[in-house]
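What follows is subunit A paired twice: with subunit B in the first complex and subunit C in the second.
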Partner chain A sequence: MGGTPLPANVKLIDENGRRMDGRMPEEMRPLKIEAGVLKRADGSAYVEWGNNKVMAAVYGPRECHPRHLQNPERALVQCNYNMASFSVDERKRPGPDRRSHEISKIISEALTNVVFTEYFPRTSIDVYIEVLQANAGTRCAGLTAASVALADAGVPMRDLVASCAAGKVANTVVVDLNKEEDNFGQADIPVGYVPRSNEIVLLQMDGDLTLEEFNKGLHMAVDACKKVYQIQRDALKRRYSARAADEDVPAPIVEGAMMREGQ
Partner chain B sequence: MGKDVVADLKRDYISKLLAKGVRVDGRKFEEMRPLTIEVDYIKSAEGSARIQLGDTQVVVGIKIDKGEPFSDTPNSGVLTTNAELIPMASETFESGPPDEISIEVARVVDRGIREGHAVDLSKMVLEPGKAVWIMFVDVHVIDYDGNLFDAANIAANAAFKTAIIRGSKAGLSEDQPLPVQHQPISVTVVKIDGKILVDPTHDEERVADARLTVATLENGNLCAMQKGLNGAFTMEEVFKVVDLSRRIGADIRSRF
Partner chain C sequence: MQSSDTKENAREIVVPGDLLAISSKKAGPGTYSEGGKIFASQLGIKSVRPDSISVVPLAGQYMPIIGDLIVGKIVDIGPSNWLVDINSPYPAPLHVNEVPWRVEFGETSKFMGVGDVVLIKVVGVDERRRISVSMQDHGLRKLTGGTVMEISPSKVPRVIGKNGSMIQMLKNETACRIYVGQNGRIWIDGELDNIVKAVQAIKMIEDEAHALGLTEKVKEFLGSKSGTGV
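Moving on, here comes the complex of A and B:
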């Protein structure tokens, strides 16, 4: 980002205001979410978002390791974001790097905001995010998947966190940047949003934006998050109506897990 | 926060004062702590600064050596930012490999100076694709009383100002000043009981619900941002913090 010059044959925004993949500025890439895709995990979700493929699994609440991190009053939400070595063009060295540490931290914080951690003192709720194929926007895809996986695990939550980025390419404010737009764009603003409280729980920004562009971008990102939220809910509904039909038991009320009292 | 009994007690105290519109140290909500900047503090470094922001003290040292560029940026010098939270600075810091707090500090400081193009890396090329200047920005926290993000950011900007590239390290006869072009200044706030407090102390950070850092440039544009902690911000609060950062950032910039 920033310094890299744009190859002459690539046009990020064409004469009709369309982006290189044909999208309009406020248009997201196709997003598909499936809940409950892994057998062993307590909860899981798979997200295909444009050319991103991201899997999230939840274990817990379970005994907290390392023990010194235990909190006698709350559960600890520990997220681990990892990119597969084959998820990017040039092989990524396996294992955590500084970027993934940071992303794990901010996603843990965003998820902690919506989990009723006070129900499970001393425990840990472990969230594993695996990026299998990366095409920009993996932290948003990861957070989106992790929220669904937590709900799938039956973890009591105030709401789901929905996530999407806005950014600036060719001096135009757009949402959900793809890889080329991210590489040759001018700014990126990943946002994590909680619809029921209308609050922002993840926010980063890099690049160059005027005040007006930032205002516009944040509004566009939040609007996109609302669309993501709908798809997250649909995935959970699908999962549990399917299971209910299979097992001939009443479908659990998914919204019940997201009930919010007071606030 | 149950783990931290002191934080529970302090939270009460801080909350009660905030309800009356007062901070523990008597500051206004939107007021920074006193800032002193000492540049060229470390003679063995190519650039350095020691910053005191209230009781937080940070030393930033810049080392510049000859090295190879990254293969995807053959015409650009290399910028590497690192932060060390050494045990001397706080009873909660431990020696050893960087933990996620120091990684976040390093990455947020890096984001500000990189995305704000503080240094013109294209002017730090010796031989395209082969040899460039590699600049290490090392943040050393020696006394920790909160807001490492801004202390380190200000210290880095101050250190850039007087940094020199030593020609002798690449067999050149002349030294040159570091090609500094912008001053991306970050301003950090925390939210406690719905109130936005600029430049939090350690105690305020410990009881804070949420944190937001915004870095801005001379022209008022935004170049980096990072939200932290478990709490949340409304959109209106985000815009308010952006406005604060632009105003306070301009003030800090005038101190250089």
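Moving on, here comes the complex of A and C:
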């Protein structure tokens, strides 16, 4: 971050009020979600959000290991956020770091709020988020993908969590910041939102905002989350309705999996 | 059993958080109620009955229910019990008192070893989800030979079919012995070619579980394969 300064001739917001990539302040980057992309995972989702590419996989509920973590009354939602070494401009040193620990923690806490954890005592629901390509806003993309993957895995939950960020760039409150806006902007507020109950399950702030700016940004982020929510629901519904319409089904192949199971 | 009422309701797919109804009906499986409204809690197909609303899930783990017939795999042996993996988040101990043989303390391994496949029944699930299983009932036993395949537990009712119609057809057409556990494990024994055919048919059922006219499709598939001799 902050390696090269913003060239003097580039304006984050131009005189027409448009942003670097031509969006208006309340406009999101294009978002595409696909559910059920991984065969081996119980549930999965792939999200392309602007130049972000994020994959989420869910396993479980399954027996919780290590044993001492398990809760006799509810399930544990364990999240693991990881950035691929090739996801950013300069190679990221692989492995967990302070930032990925933080994001893992906040995402698992956000998801714990919607999952019916009391249905599965002593188990853990494991969520793996892999960032393949990053362009600011990966925690929001990760949370969005993770909640679709959870639903795809058949985990009972109160609602999906939709997530989007707001921020302040060139003294303007905008929604869904891209890389340049994040790096050279003044503030960033990622929001995780549960539309049905109108609850906020994730809220962070990086940078300085006045109270008015914050309130405006929060409302813009919530409005964007509602759009994200619709795309999430469509992705889940599409997963099954698309297949029902699929006419030519390839002949099933006997796979190694079956042979492995056999004695 | 689900097949009939879901068909009539045009198979509306719901996602968690969807409002299903504002009514005093009972919130069935896959749903929850809040403030007099019933919402979906799982991805599935909405199913409305006279007194309740439920969601038939399209995915999910197997949750044991008392009385379920399941196919388990021995994963560990203790001096007075076997630990059975039942394809659920919880392992199930099978106590020596619950098997059809008289087993002396410490002689469990003489009867069944790790990797053995057993046909058992769930006899107890408590609020902490501790499970007890039994092999003492008609037809319950250790399964020798054959092969085991796994499908999503939510698709088991489709493999069995209405009043067992689908599974009966599979058995007749492939001449295999088949046991379908509620936990999504299926044990098949017969001629190798026939096993392969049965496995393919079951995979097809799993893939197209929510399609209409599934029985006819499977019948056609089985008929076409039997002629070629695979």
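Here is the rule we go by: the second predicted complex is superposed on the first by the 236 of 263 C-alpha atoms of A that agree within 3 Å, B and C clash if a C-alpha of one lies under 4 Å from a C-alpha of the other, contacts with A are read in each partner's own complex, and residues count from 1 in each chain.
As a convention for this text, a contact is a pair of C-beta atoms (placed from the backbone, for glycine too) under 8 Å apart; a residue touches a chain by one contact, two chains touch by 3 or more.
Since we're looking at a predicted model, the values are computed, not measured.
When the two structures are aligned on the shared chain, A:Phe116 is found in touch with subunit C, with no touch to subunit B.
Of the two partner chains placed by the overlay, neither subunit B nor subunit C lies in contact with A:Pro25. In the superposed model, A:Asp42 lies in contact with subunit C only, and not with subunit B. In the overlay built on the shared chain, the residue A:Met205 is in contact with subunit B alone; subunit C does not reach it. Once the two complexes are overlaid on the shared chain, A:Pro195 sits against subunit C while remaining clear of subunit B. Comparing which residues of subunit A touch subunit B with which touch subunit C, the overlap comprises 72, 121, 194.
Interface residues of subunit C facing subunit A in the complex, by the touch rule stated above, are 13, 15-18, 30, 32, 39, 41-44, 57-61, 89-91, 115, 117, 128-129, 145-150, 154, 196, 199-200, 203-204, 207-208, 210-211.
The touching residues of subunit A, counted against subunit B in their complex, run 1-4, 70-74, 98-99, 101-102, 104-106, 109, 112-113, 121, 189, 194, 197-211, 214-215, 218-219, 222. Those residues of subunit B that touch subunit A in the complex are listed here as 1-3, 73, 76, 98, 100, 103-104, 106-107, 111, 114-115, 117, 121-122, 212, 214, 217, 220-235, 238-239, 242, 246. Contacts from subunit A toward subunit C in the complex involve residues 42-43, 60-63, 72, 114, 116, 120-123, 151-160, 194-196, 232-233, 236-237, 240-241, 243-244, 249, 251-252, 254, 258, 261-263.
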